[in-house]
């Protein structure tokens, strides 16, 4: 087995794999994380807020996203985003979107549900006294949340948020099904073009392992530093 | 956009039945994959999770290595390794026999093995957390009454730990059902794969994926209700469940 | 006076703009046209070794884009490329992501309910490729065996229907793309790959040992390839049809065809050496966009 392992094909395709594939994966991860955390925090505030109908909508959305497979959500948005764009922008025709944009919308909308649950737990773990002090000082709900609760919640939940992001990084490989050229998609293309399945898929697995393991080790050491001693 | 909900009554091209029946058979494959993988995951996960809490250093290290390997590689990559790479690495005769296996078994078995091992890691984590959440006194009391380490686990620790982790295990089971959809990338025609095939044959995108979504939601509901009933049945009154911080993941 | 002439000019311009609806308007407004292409439909639409989309259908589409640019009197027309697969090309046309799909898409009546096609640019037939050692000579030899085809193609739909109608008991694998499907035959997972013969021919020719494979004599159907465009868009279709007809009548088609079928092509300099078939010569003489296989006999 090993004497026939063609390291050459890996070496030849490194530029393509990393310049096209890894760039796609990393960009998608970073943007989806940012958008997902923002939208997720908004959803968490809706769920914990005073308006019951808003809370119900947010809750329903989160439960829906958590009940269906990510692959199904990817297919949904791949075909629907142009129509959604048409509706929002009031265009006469469906809006043109590429695979990246559709994937980005998918991952923001999907991960927001998971980030929401994390932020919700984070917000709820802040002692109520903080909120009351905020109100006592004359701040309204949004100011209290924005200036007092969220910064603390965010800091407490940072390790869990980052772990979710590592999971997001791994999940981006699923864009294979919409033929997007992320890192895994690029490896699969080379594998099929040059008939080197073993080499390329093994290499892809190793790269994902090194990056994920490295990041999760960093998160663990961050966790030790950030732990607030009450 | 115009909808054609009657498409579910049309025959699928292979002539095996209507599109609705086609999707329901897909649900059958989803559940078959999920349940088989879950059985593997529970068995291996319980063992690995328990071993990681023992005092044997090398056993713990091996367990950690196992967990890190399967946790840091995306599921679709693992699926491809099992389906495309493993048969090439085995001795030629065995590899060829595996490759000759007719669909759907040729896809079902790698999918089950892949999903089983992938999920076993998450089960192991839950088991470990459950065991560690028990007061240390339990283990000490076991030793004090003359039980060996194995007996302490068997009679004192594990029964309590499993009851504690039943809620997170419910969501892990839901995850297995959702993750079974990744098997469509190696050609297993489970529910999502069949919704995609239905969309390709009939061009009815919205209808096909709506049906799949509804079916997943209903399955979710049934599982959650079932597990809640199970929890009520095995609950130990007075044992406070370790509520726990939210875990990342899906 | 100035105001009057400005008003007249505005009316004229708005009149012209109003005359362009649908795709033509979209192209004019955005300044770009999006061409859907394939990654491995050799020699119609595929990536060369620099990962650029090239091919016979691509060359035809670039000429169509020039015609659109001339028709809309645009100084510049940006050409955007969007990779598509057999499975998503029709939905991506319907939802507006691409304006033209330039590849190896079969024009048939069922698909014409979702999209429109312009003049046929190739006539192929649905056949299968198998290893010579498997000794598959007819459809009956495939009984009970495992075969593979590509997701979303007319071929897989047809073989699924034949399987049901003739009770062949075949196991049909749906692969994500042509190279993956061919690899299943190469590695022994499937006995035969059912696809358009021209694509099979190029895949076998590019494989590691082309002599191991043979393409079936029997054809399951006739498949005319057409460049896809959006349904119910008459103005755009007129422009595209006119461009294609011009290419055929002027004889440019001979050179374009020869470039991709009778000369070495990227990435490995393979020469397919396939002269124009009689069915296609007929189409060149009398350009048609029919989706009825009977029109190509």
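The chains carry the letters A, B and C, assigned in the order they are written, with residues numbered from 1 in each.
Rule of thumb we're sticking to: contacts are C-beta pairs under 8 Å (C-beta built on N, C-alpha and C of every residue); 3 or more make two chains touch, one makes a residue touch a chain.
All values reported here derive from a predicted model rather than from experimental measurement.
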Chain-level touch network, classified as line, ring, star, complete or other: complete
A-B or B-C - the one linked by more C-beta pairs in contact: A-B
Most central chain, Cα average position: A
For chain A paired with chain C, centre-to-centre distance based on mean C-alpha positions, whole Å: 36
Intercentroid distance (Cα basis), chain C paired with chain B, Å: 41
Distance from chain B to chain A - Cα centre to Cα centre, in angstrom: 21
Shared interface positions of chain A, touching two or more other chains: 79, 83, 177, 197
Residues of chain C touching at least two other chains: 91, 176
Multi-partner residues of chain B (each touching 2 or more other chains): 88, 185, 196, 199, 205
For the chain C and chain A complex, residues of the former touching the latter: 22, 26, 30, 34, 39-40, 51, 82-85, 88, 91, 95-98, 176-177, 179-180, 183, 186, 207-208
In the complex, chain B residues that touch chain C: 13-16, 87-88, 96, 99-100, 102-104, 106, 185, 187, 189, 196-197, 199-201, 203, 205
Parts of chain C lying in touch with chain B, wherever the complex brings them together: 87, 90-91, 113-114, 146, 151-152, 157, 160-161, 163-165, 171-176, 187-189
Contacting residues of chain B [partner chain A, same complex]: 1, 68-69, 71-78, 80-81, 84-85, 88-89, 174, 178-182, 184-185, 192, 195-196, 199, 205-206, 209, 212-213, 216-217, 220, 245-250
Residues on chain A engaged by chain C in the complex (per definition of touch): 16, 20, 78-80, 82-83, 86, 93-99, 177-179, 181, 189, 192-193, 195, 197
